[in-house]
Amino acid sequence: MSESLLEIEHLCKAFGALVATDGVTLAIRKGETHALIGPNGAGKTTLVGQLTGELRPDAGRIIFDGRDITELSTARRARLGLARSFQITSIFDSFTAEGNVALAVQATERHSFRFWKPAERIARLRQPARQLIADVGLSRLGNVIASKMSHGQHRQLELGMALATHPTMLLLDEPMAGLGIEESRAMSKLLASVKGQYTILLIEHDMDAVFSLADRITVLVGGRIVASGTADEIRNHPGVRVAYLGEEDDAGDVRANG
Amino acid sequence: MTLALLVEQLFNGVQFGLMLFLMAVGVTLVFGIMRVINLAHGSLFMLGGYFLMAALAWTRSYGLAIPLAFVGAALVAVVLEIVVLRPLYRRGPLDQVLATFGLTLFFNEAVTVIWGREPIPLSIPPFLTGSVEIIPGSAYPIYRLVITAVAIVAGLLLYLLIARTRVGALIRAGSDNREIVAALGININLLYTLIFALSAMLAALAGIMMGPLLSVEPGAGDPILILALVVVVIGGIGSVRGALVGALMVGIFDTLSRVLIPLVIQTNATSALVGMAVYVLMAVVLLFSRTGLFAAHRG
Amino acid sequence: MTLFGRRGALLFVLLAVAIALPPYCGTYYTRFATQIAIYGMAALSVDLLLGYSGLITFGQAALFGVGAYAAGMLTVYGLTDALLTWPLAILVSMLFALAIGALSLRTRGFQFIMVTLAFAQMVYYFAQSLRNWGGDDGFTLPQRDSLKFISLADHTTFYYVVLVLLVLVVLLANRIVKSEFGMVIRGIRDNERRAAAVGFPPYPYKLVIFVIAGGIAGLAGALMANHAKFVSPATMSWQLSGELLAMVILGSANSLIGPILGAAFFLAFRDVLSDFTEHWMLFFGPLLVARVLLVKDGIWGMLVRATGADDKLGEPKVDFPEALERAADSKPGAAK
């Protein structure tokens, strides 16, 4: 049993009368790819928000790499090795693709209070950026202004930026969001290629990707964990099939609810 | 410093605070619902005073002049909303700030063109002159009591409008979700125009009532606007309750500090401290809560 | 690169005009050009905040005025060495910027605008209350400061000194926005949430740029005090803060040169129209509204496009997912 990199202990968060996170306890093991699935409104976004530090939990703790990070800011958590990609594309629109990744690389430095040398000419920032751009399949788009790229390219860039900060853990929030079938398969392949180098918490609706990538799966419904286990265990879990995986459609494919 | 003097200043503070409330609630409603920063709000205050003065000169009767002044302000507000504000709903804060700032410059100059640069004194309506002894030994001007009462009534009517009527429900709904309100078939353009006109009328009301006390001059609305903005910062954006609490705090604090500080500190720096007191209050509130006391919006 | 060449040529032309034209046209125009340079510098400081950091400040005039007052007061006290008074003025305005920024930058958006406005008013009222320094009327300087052995009393000499300082400020600001610090600031402007998620705490960076911009505004203020030999609270008014914003937007934000052109436009507009009417603001207000509502770009942007000096980056030539597939296939661990 490998040790846990991320431990979530009895996390609670309510917005007025709406309980979004209801005593969530979960441990993510080092090196594993752990998927978090659940219908819309299950509280995945709220949970991610609390993990990244954008939301303060009402109760509970988050331990990352042995440290209690519950009170830490988003930037501090990122510097400790917790990287994330956003569900709704969140990039630096006026920068080029390479510039986006270079800025993420720059974040790994102790501080950026350097005012003289032009950042574009600093090799220790641009070289890794160029490599990462190639790694995520954007090599010919390095000099394209990010705002001009397509949605799919944005998803690649999101991943590239998350990888750039040399994280120990990747929190990927619906990396397939808005991608077509071909694109999703390609992204899935890309994720498979980095799996194992990082501990990954993957939030996704795309069940094909989830079952092919995840070592373990946790199901969140109504702010509570209803099941947690290996892919097979979840696939055959009675409560999960009904509550979340939904009815089989005419073609016999299982489609996720939401 | 006698008790009577203190009470009188307290009354002044409340009255001033209520005037600020009329201004601040307009700012906070327009920003809270339409997400527009309107720096020209001070101009509407100023125009209220000018229209009253012009209507008085024309009709020689307060009974006619006051409604006329309102009508004038409402007309200006409607034209403004349609021509300048509407395109700004979709724009960012910079565009809004600059465009409404441009309007302020325009209005300040326009009144100069029409009525000159000199401040024009307005007299208190004859039937409201005189004072009343609210505390034995202290005579308080009836006019100030009356405008305080009017402001309270206006505040209550506003509360009833927002909390109890269909239009109010639409206003509250509009602040939560534009698209749904529009999809319900309600004319959102009309709704926004109404809300803007409402906020403008409140500003004009404050301007009309303060006219006899402050005298009418170009740029009269600017210091009031800035104080109203301080009120909104203190009270929290989008919160009517915050506007009321903040306005009373600012009104009383400002008035009392002008009287008390010179008593306690007698140096050359006194007048500086007096003017700065309100901003110090704002700084303290900000240290305590980044979004103000009653922020209505999560964003 | 031709791109750099064209834009460089444009800048060279502007600089050449700035160097040669005003003295050729006489004292009045030299003084006018000095004013443009000074306001241009102040507007540039606003652009650092507005265009590059996404911070809409309605209080930069306060820092401009603080610099003016500091330099003016020191000169009145007998410190007329520019190499002493001007850096001191910059320092004082940076301290004010630090205080104002530390509090204001805890807020965002609408609130930030209002808070900067409010704090600037506070400084304005403070200046008005200085009875020993003329209160609302302000005070005059007995002379301009001098630069070592160079007297700045001569308008042409003073103009060139100001111009040199302006060019230095532009070059410095340019380096700053292109540096690692500049990247962080621009990243925060584009997407603060993303910047934090990647590991940059926004507050310290915003505070530093706010202080830097404050220092530049303070220098402009000190120059203004020397130019007019007169300082008053009017240099701190919120109208001036608004006018500085207007200059930036008229000239093109996010460009450093744009604000200077915007300042030139504003002052020229005022100068020309006041010959016809004292009510020139009647036209400027609507002009500003029209620029915001109807026109997409400012003077510098139009100039750059008109001369073909704009960059044509950003045209994607490859289609997703083809590239993605290729990349994934080429990775060592990828399944086929």
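The letters A, B and C name the chains in turn, as written, and every chain counts its residues from 1.
As a convention for this text, a residue touches a chain if its C-beta (ideal position, glycine included) is under 8 Å from a C-beta of that chain, and two chains touch if they have at least 3 such contacts.
The shown structure was predicted, so the numbers you read here are calculated from the model rather than taken from an experiment.
Student: Under the touch criterion given at the top, what is the topological distance in steps from chain A to chain B?
Tutor: The fewest steps needed to get from chain A to chain B is 2.
Student: Taking the mean of each chain's Cα atoms, which chain ends up nearest the overall Cα mean?
Tutor: C
Student: Which chain is most remote from chain C in terms of Cα centres?
Tutor: The chain farthest from chain C, judged by C-alpha centres, is A.
Student: When contacts are scored as defined above, which chain pair ends up with more C-beta pairs, A-C or B-C?
Tutor: A-C
Student: Could you put a whole-Å number on the gap between the CA centroids of chain A and chain B?
Tutor: About 48 Å separates the centre of chain A from that of chain B.
Student: Just the number, please: Cα centre separation of chain A and chain C in whole Å.
Tutor: Distance between chain centres: 40 Å.
Student: Could you tell me the distance, in whole angstrom, between the mean C-alpha positions of chain B and chain C?
Tutor: Roughly 32 Å, centre to centre.
Student: Listing for chain A: what residues touch at least two other chains?
Tutor: Nothing qualifies.
Student: If you look only at chain A, which of its residues touch chain C in the complex?
Tutor: 52, 54, 73-76, 78-79, 83-84, 86, 90-96, 99, 102-104, 106-109, 112-120, 122, 125, 134-141, 143-145, 147-150, 152-153, 156, 161, 164-165, 182-183, 185-187, 189-190, 192-193, 195-196
Student: Under the definition above, what is the set of chain B residues touching chain C in their complex?
Tutor: For this pair, the touching residues of chain B are 31, 37, 84, 87-88, 91, 93-95, 97-99, 101-110, 112-113, 222, 226, 229-230, 232-233, 237, 268-269, 271-272, 275-276, 279, 282-283, 286-287, 290-292.
Student: Which residues of chain C touch chain A in the complex?
Tutor: 175-176, 178-184, 186-187, 190-191, 193-202, 205, 208, 313-318, 320-321, 323-329, 331-335
Student: Give the list of chain C residues in touch with chain B in this complex.
Tutor: Touching chain B: residues 50, 56, 58, 103, 106-107, 109-111, 113-115, 117-119, 121-122, 125-126, 128-132, 238-239, 242, 245-246, 249, 279, 281-282, 284-289, 291-293 of chain C.
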